[in-house]
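The structure appears right after this line, and notes come after that.
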Amino acid sequence: MNLRRPRWIWLALALGGVAAVGLAQAAWDDYLLSIVNFVGIYAILAVSLNLTNGFAGLFSLGHPGFMAIGGYVTAILTLPASRKAMFLALPGWLAGIELPFLPALLAGGAAATLTAFLLGLSVLRLSGHYLAVATMGFLIIVQVLIENWESVTRGPLGLNGLAALTDLWWVYGGLLAAVYVSWKVKFSSFGRSMLAMREDSLAAQCLGVNLFRTRVAALAIGAFFAGVAGGLWAHLVTAITPGTFSLIMAFNIVVMVVVGGTGSITGAVVAAVVFSAATEIFRPLEESFEAYGIAEILMALVLLVILIYRPSGLFGSREPAFLTAGPTHEPGNHPATAKGGQR
Amino acid sequence: MLKVADVHVYRGRTHVLKGVSLEVGRGDIVALIGANGAGKTTLLRTLSGLLRPRQGAIRFQPRADGPEVDLTRLAAEDIVGLGISHCPEGRGVFARLSVRENLLIGAYRRRDRGGIEEDYRRVRAIFPILEERAGQAAGSLSGGEQEMLAIGRALMSRPALLILDEPSLGLGPMVVARLFDVLAEINRQGVTLLLVEQNAVAALNLARRGYVLETGRMVLAGPSAELLEDPNVRRAYLGGAA
Amino acid sequence: MTADYIAQQIVNGLILGSMYALVAIGFSMIYGIVRLINFAHGDIVMIGAFVTLGLLQSLGAPLPVVAVGVLLSGAGMGIAVERAAFRPMRGAPQVTGFIASLAVSIMLQNLGILTLTAQPRNFAFPDYLQALIHVGAVGFRVIDVVIMLSAVLLMGLLLLLVHRTRLGMAMRATAENLDVARLMGIPINRTIRAAFAVGSGLAAIAGLMWGGKFGQIDPLLGYVPGLKSFVAAVIGGVGSIPGAILGGYVLGLAEVLFVGLLPPIYSAFRDAFVFAALILILLALPNGILGKAAEDRA
């Protein structure tokens, strides 16, 4: 990144962030911590979907599928061999493995990415609402597989008793990584290709953008972070069940991305924070009034209103000016293009 | 009959028509010529109510003894009801409907069965080929036949004013000549014509008055004979000075 | 795997197919006229089922009256959905319309859960409908016959409407080219509303049939038939009414035969199979079996 800000501001922010997380982790109670963790995981999901949907304009409803794959792989890898034997019937080499959190998370992410490649090779020739429906089909296929492949996933019961490995460090570290990667992608020539493709795919092709590879890459990167988010989720709830990875979850993440502004990383984070915090606050209200479903109805209403009156979302495709340190960060103005572009 | 006064039309943020005015007298044939992208189709679509001007007035007086109506506030379907029929660019026939259905749909707003039957006969008399192909899907007709279908369909609403957007597009010269003969005959039978064309020669020869539209502005207006002789027009649209 | 068993499966497939076809028709009508996927279409099926329950239980009305009531409520709901989610999206990119209808669908489902609770309810049609008939070794109930016959009747009426009436002609013209239809003086808002009303009415009747056939309904019941009707419409060629009918029966038969002919452990994978088939068709045969001149697929 071409910064006009002095380096020390970033260092100060980083130290501040570390201090804040450390304090919170030590001082807050479990309930508050779990809410903040959920919010963080939703933020990761929103940022990762923003990459696929927002930057590249590929409407994917399959994100919870990648989340599920990442989550289950991570869970299976962190489960002690004894518990694995209790629940599952895994092949020998897998049954004995027990990994620490980081490699397991990365493996989960990798598994999701691999699936994204395979999915992408098949469906990314479609576009618009046909792509959306195809990704929905993918989600349903994943759901059905998870629910029925009992030897690997324990079917509808899911896996429980997972170690509570997720904490603020992991979640916000993950979020930081997701934001960093998204930011780098957005303000690189690769990101500009994606944006060009989103705006006018024919023109982009004429400029030499390889549509197919760009789309697959967008899907794969988004899937990686969704997979990691799935692993974080599983070890926050200490259980993983197929019901979590539903179309409703896909819809909720889409709402966050659309309302925040498709293409805006800041928008995705802000919307994720607002919506997931609001949902968590609504949950006890729903229970006490026996009014289940109100939070979803409200989210859907907000989405409809935004679609009608402000379809580009709160932040549009941009990041707020104070974060981009001057005009050099607008995708059209990057110094690299002035010099003829580099790849 | 039709008075367009200082109309400004925007497509998105682009200012396409910049203060355009034109007049069509009752019983007249008026030609509007101009290059691609000048805004001719935009103007016609505005007249028909598919687009709304941001500024300006369009007044239409369907009957000489009747009132004037401001078209800019009417819905497209009501403008058709007033007596303006628009034969769109590229014919716009409904390919999957039959020729007969296309013609009948032109009369959608009308309720007088007898009158519709009569006009159906008249149109088929003017364009006998349509009689032959009545049951066929409109998409299977040739370009010239589709243009005839489009014009016939437009006539089915018994319009007072018939607007045609580039009727000669993609048609060979003999077909165009016949088409324009038919248009002259239609005019003789009492239909006012407003004709938009890139084929300036044919249009100005048919019309009595003409306008020239260039990038959203009306740059010339006058009797078509004069326009045919005008050196600027000749250079730009008629293939050079002769 | 006897001939009788296969015959039975085929009959079952036709019954299921009739219901899918009715829902798929509405779906295709709407897609044909506004070029948008109506995600909330499946939920109209759910509404039809619940209205049936309500009318039967609280009014004790005879079945034909219930059917009319269901048709009207479905039509009304369709008009409401059009006004709320589709009219404002006219002209917006495809995907926006899709998300909007998804939002409406989720709202309807959750409104259902809110007001009716997620508990499944039982349905009981009059006994004479449950009577078993046997033709050779193939067995079915009176209600199955009623379902198939009414479905065929409704499809016939619909095709008459679309091909022999002024309104039908207007719908076909509007579906083909909205702007030129306006130039003909066709009142497109009314025409689009009519398409939604008719399509949704059919979906609601399918809900009545669904409830009668399967005996149990809940607010989330529309999700699967809705998606599957989309698959059926795509199989036949989305936007085409004969395609929707064909697709509905093909899907119904395929689904039943998949479960009936393969070993039982595969039955649970039925839905995965349906959607894998969808993806394949979207890739290989995007215009469906009846392969109409390609709509704008981008």
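When the chains are written out, they are named A, B and C in that same order, and each has its own residue count from 1.
In this text, a contact is a pair of C-beta atoms (placed from the backbone, for glycine too) under 8 Å apart; a residue touches a chain by one contact, two chains touch by 3 or more.
Keep in mind that what you see is a predicted model, and the values were worked out from it rather than measured.
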Legend entry - Innermost chain, taking as reference the mean of every protein Cα atom displayed: C
Legend entry - Selected pair, greater C-beta contact count between A-C and B-C: A-C
Inset, instruction - Starting from the mean Cα coordinates of subunit A and subunit B, work out the distance between those two points in Å. - result: 54
Legend entry - Mean-CA-position distance for subunit C and subunit B (Å): 42
Inset, instruction - Take the average of all CA coordinates in subunit A, do the same for subunit C, and state the distance between these two points in whole angstrom. - result: 34
Inset, instruction - Would you pick out the residues of subunit C that each touch at least 2 other chains? - result: none
Inset, instruction - Using the touch rule from the top, collect the residues of subunit C that touch subunit B in their complex. - result: 166, 169-170, 172-173, 176-177, 179-180, 182-188, 293
Inset, instruction - Going by the contact rule at the top, pick out the subunit A residues touching subunit C in the complex. - result: 59, 122-123, 125-130, 132-134, 136-138, 140-141, 144-145, 147-148, 247-248, 251, 254-255, 258, 291-294, 296-297, 300-301, 303-304, 307-308, 311
Legend entry - Interfacial residue positions of subunit C with respect to subunit A in the complex: 36-37, 84-85, 88-89, 92-100, 102-104, 106-107, 109-111, 113-114, 118, 223, 227, 230, 268-269, 271-272, 275-276, 278-279, 282-283, 286, 297-298
Inset, instruction - Please name which positions on subunit B make contact with subunit C in the complex. - result: 48-50, 76-78, 80-81, 85-86, 88, 92, 94-97, 101, 104-106, 108-109, 139, 153, 157
